[in-house]
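For reference, the structure discussed in these notes is given below.
By written order: A, B and C. Residues from 1 in each chain.
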Amino acid sequence: MNVLVSIALTVLATPALAAQSAGPAPSRLIVYAAASLTDAFRELGRMTEGSLPGLSVQFNFAGSQQLALQLEQGAPADVFASADQRWMDRATEQDLVAGEPAVFTRNRLVAIVPSTNPARIGKLQDLARRGTKLIVAAEAVPAGKYSREALQKLADAPGFPSQYDRRVLANVVSQEENVKAVVAKVQLGEADAGVVYRSDVTPAVSRYVRVFEIPDPYNVIASYPIAVLKGARNAGTARIFVALVSSDAGQRVLQRHGLMPATTAAAAAVPAAVQP
Amino acid sequence: MTLGGVLVLLLGLPLLSLVIGIAPGDLVARLQEPFILQALRLSLLTSLASTVIVVAGGLPVAYVLATYDFRGKRAIEAFIDLPMVLPPTVAGLALLVAFGRTGLAGQALGVAGIALPFTTLAVVVAQAFIAAPFFVGAARAGFAGVDGSFLDAAATLRGAPGYVFFRVLVPLAAPSLIAGAAMSWARALGEFGATITFAGNMPGITQTMPLAVYLALQSDLEAAIALSVLLLAISFTVLLTIRLVPSRLAAVAAARARRPAG
Amino acid sequence: MLDVRLVKRRDAFALDVAFQAKGGSTTVVVGESGVGKTSVLRLLAGLDRLDDGHVSLGGERYADAAGGLHVPAWRREVGYVAQDYALFPHLSVYENVAFGLRAGGTPRHRIRPMVDDALGLVGIPELATRASHQLSGGQQQRVALARALVLSPRLLLLDEPLSSLDLQTRRVVRVELRGLLQRLPCVTVYVTHSPVEALVFGDQVVVLDGGRVAQAGSRDELLRYPRSPFVAELVGTNLFVGRAADPLTRPSATIRTPEGPVAIEASSGPGTVYLTVSPREITLYLAPPDGSAQNVFEGTVLELVPEPPGGERVRVVLGTRPILVAEVTREAVAALSLTEGMQVYASFKATGVQQYA
């Protein structure tokens, strides 16, 4: 809490922001965030509410592409946190973003199998075994795009058969429209395996699945940028929230939910994010 | 009056906007893309199959509900109507839990070597599940609307129950049955939530038109609009036909009545 | 030969009717609406199940409640013409008549001549190609009849066959139907609320009242010996039902009835006695009569009806207990200045009473 208060004070000390917050403080902060941030951001939202009495933080969690589309159509929001750079760039192009977006966390892909492991997957190579029922996210979804990239990289990795990616993709029985659906179907045991974000394997999920890590050189690391929006009604509070996400306290929360630090110098991003 | 106008606008404007949201030339070009044709073919195939299943299974159910009174009838009726009000995703989840690999029925099916999820058959099952209440409701009302005196007359004219059902009850309830079948077909055609949850999304196998629209929306707005316009056109044709066919049928029946059949 | 006992209980209503009928005869079941006439037909047709009793037709058992036997309607050789005729609206006249033949599996090549015969029998061969909604009421009735008769039923059931017709058509159809029923070899059960139809059509008449048989018998028997208020009214006479107060007293006797004692010439013996008094036997007075009149009833004039309409005599309906009908001359009405609502005394002599057991 102390951390948050000190951040808030720092932010409010900035003259431009102080002027903005002179009026009655709006009581609502609206955050559009990628679905994979759901649990972590809820916790961060509660933290923010706790230190700013009277404030209510509201989230819209969905696929980043959907959020970008909604923002483009004029949806009122204060903060946008995207699961990939592509959709943040799109928002920037549409002149929706105030200031420079900052990467605040990263995510990596893992393969998961049901804890019963019906297809007896013992290593990543087994995903190419004929008849394995694999589920991935659709290509239009960031997680789907990354999954295909990672499989391609693995095809060139030592110990993996040639055309590994094609053989794995031939086993795909469904391309889900969001990554959480992949998790759910593996968790239910309907699929033999799925490719998801590490952050999707929450404590609630981990009881039902086994995780196979994809080594870093072949993995695709998703970068999550966050930005305050131009149309923000509550820009001051929005900046406080963004600062919290990038702070040490915020990073600890994100890591507890399976997300990776943005950089080793994550905290250094804070001043950049609060520059008007 | 004003409210009525607002409602018409509310219903009409989004649909109109879809249609004018794409240039006709682009529309035609888009519709020739293989994934769209694939989705169209799959949608027509599965929605027809599910309608056949719904009609075949729904006729006896509707008949029993329209004809007999028994304990628990109201509960059964509410139960049948449930898929109509359930969020389709819930329906899909229910199907997954029932017919999935680890589900109650799924395990039995698995023993028989049948795995439903992620197959075209799963799409048909999801559509049938969602669309069935539309047919059962209409058929039930249709059957209940047939005057009992016709059935009594048929029974005293050597008509065995099955004969009376197909030669008297079904023809007399035909307008309702056709309307119900068409409604259930249209609903199956538009089914999204249960399909994507239960059957998944795989082009050519389980990716029907609504799924293709949704996925296209993630990346290619123009393709999404093209697909939506196509879906709109098909649904409109079906719904228009429902309204035109019964009166046509009546005319045909009247014409046939003028000629005695040998 | 039809032999039935039909028992059906439904809530407050209970039907219990038994009768027999010979082949070729027509039994008319007559009664006011709500006495269970249609139930009788539905039970005979097999559309409803008996709670008790039996239905047998020419030795074949169609239903027997005790044995749990219920032959369904479609397996009975019964023709049923419903009150609203129930012609199938989706079929032509021809197909309506052919329906039973097709349902029963008659070979295709035999159907056309049989349908043509049936339509000829009811006199509408030219209507074969019509749709049923293009027919008048009378034509619909004939089609319904042809549709039942084409199957040569052993039992024909007619439910108020004339009631849906307008007055003009009814006269014509009544004559034709009577001729047709007389020619048919089957047992016919004809249900109506009309006393006139009962007397025109019924070889045997079964009078229903409150779900029970009030009286059954031949037309002549009914006319001569009414045994229920309904039949008495139908025949146009006054009826008392009672028991002899003292069967041994002769020559004069008293019959006790729920409405009071009635003096008659001589009592025939113990048991129920039916007394009829012709309306012409009743004399009206303004003051209590004295002298030889033994039976006097007091009441108001309810109705004055010229009989025949505009004729020389007047039927006077009296609010006595029981309601009595007197028939007097116009002069008598004038002399007494009878008006409706007036208090009068009705009297008849013991010699004017007919009695039978």
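Here is the rule we go by: a residue touches a chain if its C-beta (ideal position, glycine included) is under 8 Å from a C-beta of that chain, and two chains touch if they have at least 3 such contacts.
Keep in mind the model is a prediction, meaning the values are calculated, not measured.
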Chain labels contacting subunit B and also subunit C: none
Centrality ranking, top chain (CA atoms only): B
Distance between the centres, which are taken as Cα means, of subunit C and subunit B, whole angstrom: 55
CA centroid of subunit A to CA centroid of subunit B, Å: 38
Separation of subunit A from subunit C, taking each centre as the mean of its C-alpha atoms, in whole Å: 89
Residues of subunit A that touch subunit B when the two form their complex: 63, 65-66, 69, 116, 118, 133, 135, 138-141, 172-177, 181, 185, 188-191
Subunit B residues within the subunit C interface of the complex: 147, 149-150, 152-161, 163-164, 167-168, 171-172, 174, 253-254, 256-262
Subunit C to subunit B touching residues, read off their complex: 42, 45-47, 72-74, 76, 78-80, 82, 84, 86, 88-92, 94-95, 99-100, 103-104, 108, 112, 128-132, 147-148, 151, 157
For the subunit B and subunit A complex, residues of the former touching the latter: 96-97, 100-102, 117-118, 196-197, 199-203, 205-207, 211, 214-220
